[in-house]
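Next up: the structures, one after another.
Shared between the two complexes below is chain A, which has chain B as its partner in the first and chain C in the second.
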Partner chain A sequence: MILSIAWKNIWRNNKRSMVVILAVTLGIIAGVLLVGIMEGWIRQRLDSAIYNEVSHIQIHNADYIKNEEINLTVGDLDATTLCIASLEDLKGWVKRARIIAMATTPWANTGVMIYGVDPEKEKHITEIYKKIVPGGGRYLDMQSPGDILISDKTAEILKLKQYIITDSTMESLRGQNVPESLLVKLGTLKDKRFRSPKDFKEAVKKEFSKKEIDRYGRQITEKALDYRIRNKIQISISDRDGNPIQGIFRVCGIYKTTNTGFDQTAVFVTAGGLQKLYGGDEILTHEIAILLENIDDVNKVKDKLSGISGDNTVDTWKELAPDAAMMNDFMILYYIIFIGIIMLALAFGIINTMLMAILERTKELGMLMAIGMNRRRIFAMIMFETIFLTIVGAAAGMLSGWGITKILGNTGIHFTGWGEGMEAIGYAARVYPVVTVEFFIFTVIMVIATAIVSSIWPARKALKLNPVEALRTV
Partner chain B sequence: MKVLELTHVNKIYNSTEVKVHAVNEVTLDFMEAEFTCIVGPSGSGKTTLLNLIGGLDMPTSGEIVIGGTNLSKLKSSQLIDFRLNNIGFVFQSYNLIPVLTSLENVEFILLLQKKTKAERQQRAIELLTQVGLGDKLHKRPGELSGGEQQRVAVARALASRPRFILADEPTANLDTKSTENLLEIMEKLNHEESMTFIFSTHDARVVNKAHRVITIEDGGVKSDLVQQPH
Partner chain C sequence: MKRNLIAYIGLACFLLMIATTGTTQSLTATEIVRRAQDKVNGLSSKGTLKMTIVRPEWTREVTMKSWSLGSDFYMIYITSPAKDAGQVFLKRYNDMWNWMPSINRMIKIPPSMMGQSWMGSDFTNDDLVKMNSMVDDYYHKITGSEVIDGYDCYIIEFIPKPDAAVVWGKILVWISREDYYELQAEYYDEDDALASSMKASDIRQMGDRMLPSRMVMIPWDTEKEGYETRLEMMDTQFNIKIEEDFFSQQNMKTVR
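Then we have the complex of A and B:
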């Protein structure tokens, strides 16, 4: 009955209770949403780091890490690969050549890291093949050793990404219901070639109003984008004797990950194609990337490999992508800090409401003490009232937060305007919020703890009442 | 049989600059099944005396013994349990729990006594029927008249089978009809349950029904008369 009374007591003043419940609900929704966004970002960064960049474990020649020279290949390759092949619970592993190079087009040049890979095997380890942009050609294949796969960013730097309004662009935009009046204005830019997004945007700005750009700008930019697929790129490297050598590759495809930093440097060719450039009979292996079934096994596998790897270094994803690892570890701290701040703010609201409730019910509490309700029961009653008040709001908040996060988890949130900056530091511009069961359990614990702590002050105040004085109040 | 003994009881309030001698050398005995009325002008010490008898307040000196237990010797927590099992309270302004029904209000005190649900319900229904509220078991206090609320309060006070009932001006907020009705019920319970009733009042109708009338003035007993109720 104490529980029943406590529950009924919170509905004595519906409006006041609803204000507190609403505050708790909104606080929890904000918490779930913000933590969901943060968790989504970190997971996406982690997935990107592992499935596009560094895998779970990498093996290099110890000296290669300090000085990325062509001759510093993985030592004891046969023994090392034999050991890797004997490991259980691997999703796969690949060998790569990895050489510092200069990429040049007739219009620009840039320093890159060129990877010589087995395209088919690589598909089991990295997801770069899934990151080919629309209209961006295709992934590498073994039958075309002269092909090179570059990123959208590298294409932009090398001026292989252009914007051009053609008849087919106009037709395509017409098909997307872009108003004819806008197409007429767009006609003034027809057949002009813009080699940077900035130049194109400037030109569009001159022709269209802000409202038109907001409404149709993205569509126009997407349709006008044209990658110069099959264009030649000259790759310059130092051969095994330190002499500069050059080779020509043709762009077969353009990829884009959420990490501009990685995209800006990584270009891919077939292992055979790269071998032709650096010469010799042997395909060089500078890097072995391993993908495990379970990320939690990294240290165990690292220990096994370290034992047989001789002068090689074995690094886990945490060492290879410390930013992602740090953010992943920081997430728990973020939960505590963020939810802690929300709970602290809510606690004051809850305490205030409960103190008001105690003040209003002084006489009744005096009566309860007079007729024989002991302090433990009075304390419990006040505590349950506080817990119910908080839990109702928290349940509503978590349910709504979960629903909103679920919807946004499917649609994603595009941080237009900050996208470039975020991708520059490795975080996706479109984030898919995620909330985990662990987070919900953690939040429930925090809510209950907040309710209990918040109840102490009002409950103690109730216990300090003198029944005779309390009964005298009006 | 004596249910309550007060010996040289004094209560002095020091909280103001002037000492207030609210109860002054009161020595009284109360017997089982007495229907006693404490009268006196406002500020004479009636309520303070009832608070002392009910263990809600402690005397500055003197002894209050209920069924062999000296209240001054009990710790605060023991006193709460003692009140629960030995004293029934009826307050001037009813003081029912507004969120509970009549039945739940009466059951509540039995819950504090850790009675089973079946025991609680049986006793509560029996008492509410006795006070004429058998058809209003599931009404909340807000849905009852003042007289009906006070009858629920009487049923609640009796529910725990206390040694005696203390009622502080129980008819002060009631109209004539409700007062008569309540007094009839209390008299009936006094006979049927051999329950001791001690109440403070200004109300002549209540005084007339009492078997014993104690008059208090300036905290002291001015007279203690046994009378034939009329």
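Then we have the complex of A and C:
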């Protein structure tokens, strides 16, 4: 009875109610989107950290963590691997060599971390093989131990990225509807090689107007980019006796993850290829990476492994990628802050509207009291009105917010201008927002709480009315 | 940049040297290279060097004293500028150490630091240490001849052997027909683009022999326009008496 009266009351002043509902709707959409983007970002970072970089659990020699030396291999390898093999709920595990090295090309050199991996097994643990850039060759394979896989960033540092306009570049640009007049101008740069993006951009700038560059610059740069696959890279490491040794690897592929920091250092070769360089008859294992079926099991599995590991340290992804772990743990705090602020702002709007409604309906409320409607019912009626207003808005907001994030979740939002900066700290430039069920439940609770809190003041005000006086008001 | 530079710095090895025996006719390319190199192997020296680093905005001069024994040992003592004076670099076989008196520390240069520029020049630490054998790591071919500074030179093409740990695609070296001076070298990447070049000049009497006394290193990188490093031998003695144990960490701290 009270419920239906309250519901009908809302629609007595359509416009005012719609304004409040709309405000709530927009507020909730903004909240859902913001949190969706944050959540999307953090998840992408988390996925990238786990599936490209650190897996769920890693085992190292305890001293290796402090001092990454070639001789500090995982201790008791046989016992450790036996124990890992006996674990349940494992998606997979893999052994790697991991050595600090210097990579040199004729043009430049840089310090890198070289991983000696088993390419086939590695594919079950890390997704680097899926991250090969277009035109960037292929992943490692067992048959070619002289190959090396480097990142787009490393290729740039080592000047293995060049820009060159060839006939086939022109052809594919023509296929993309680039006007003929531009192609003619581009012809003047043909077959010239530019070893850095800066040089190429400057050359292009000389030929084209600003408008043309804005429109086609990106296409041209993309098409002109040419990775120098099969080029030589010289790798220098210290062997087991501390003597510097050098070897030559040839680039087989270029990968790119969303974390430039990781890309900049990690290069991959086959375990056999690396062993040939450091010599000896055994393949060294500096790192064991384990992927679980369920991320929530990490602590359980860590405890089990720590028991048998002896001199080794067992680390979970939270210890190995603390930045991702921190963001993940703080997510709930972000929910509370974002939604809290939005709700607080909305609460004032709702209170204001309801106070107005009561002022307007003083005579009516007096009448209801006079004919015997008790105070509890009056209070309930006002409260329900407030709650309905809020919930209608919230429902509309969540529905459309969900719809928008679903769409954006498929297409992604590309933060072009800031991409480089964000990738430098490990976050993707293209974000795919996600909203979780937990988030919706959380929002519903927040909305109801807001509605109740903001209904108290108007409802109390209604209670304080004196029926006789109220009746007399105009 | 990277090359078997030891030579420059550890003196004398690289280019050069001594008038020889050699009839000039019908030597194989490898034999020519071997003769140019053989002259320096096992040579000991002591001298003063001036290195001039040229950059588009500034130039800087570093003077140093150096001692060397063959290609496996050398020691360099920086005498100016004041900021770096007193620093000592020691190379023994494949290892390199740096003594910094200002912080009273001895540093063994790790592989990860090998790529860094040596004293801000166009040489890297690695250039000083690395010993690719110009004879064993390459196939050699005479591809022509050219007159450089009045010296009739063979142009010899060095192609790295498949297993050699060499980054270059090829190297061209100009070696004079007489006396086997290495007067010029050009380093190419695998796409046949010139990456850097070295020129030697000013051959004069130094100690008991004739040697090119100036060398210029130019990186051919578009981002490094106007970069070069010049090396000048001020006075140098060869075939001096110096023992292997002169090149020790203890001696680094006391050498002057």
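In this text, the second predicted complex is superposed on the first by the 470 of 474 C-alpha atoms of A that agree within 3 Å, B and C clash if a C-alpha of one lies under 4 Å from a C-alpha of the other, contacts with A are read in each partner's own complex, and residues count from 1 in each chain.
Just so it is clear, a residue touches a chain if its C-beta (ideal position, glycine included) is under 8 Å from a C-beta of that chain, and two chains touch if they have at least 3 such contacts.
These figures come from a predicted structure and were not determined experimentally.
After superposition onto chain A, the modelled positions of chain B and chain C are compatible, with room for both.
Touch counts on chain A: comparing chain C and chain B, the chain ahead is C.
Once chain A of one complex is fitted onto chain A of the other, the partner contacts of A:377 are limited to chain B, with no touch recorded for chain C. Contacts of A:403 after superposition: neither chain B nor chain C is touched. Of the two partner chains, chain C is the only one that A:196 touches; chain B does not reach it. Applying the stated contact rule after C-alpha superposition, one finds that A:243 touches chain C and leaves chain B untouched. In the superposed model, A:280 makes contact with neither chain B nor chain C.
When both complexes are overlaid on chain A, the residue A:364 reaches chain B alone and has no touch with chain C. After superposing the two complexes on chain A, the angle subtended at the C-alpha centre of chain A by the centres of chain B and chain C comes to 160 degrees, rounded to the nearest 10. The gap separating chain B from chain C at its narrowest, counted between C-alpha atoms of the superposed chains, is 79 angstrom.
Under the contact criterion defined above, no residue of chain A touches both chain B in one complex and chain C in the other. Of all the residues in chain B, the ones that touch chain A in their complex are 51, 54, 56-57, 77, 80-81, 83-85, 89, 91, 93, 95, 97-100, 104, 107-109, 111-113, 156, 160. Taken together, the chain C residues at the contact with chain A in this complex read 2, 93-95, 110-115, 124, 126, 129-130, 163-169, 187-191, 193, 195-196, 221-223.
Looking at the complex, you find that chain A touches chain C at residues 100-102, 104-107, 109-111, 159, 193-196, 198-199, 228, 231-234, 236-238, 243-244, 246-248.
Residues of chain A that touch chain B in their complex: 1-2, 5, 8-9, 11-12, 363-364, 367-375, 377, 467-468, 471.
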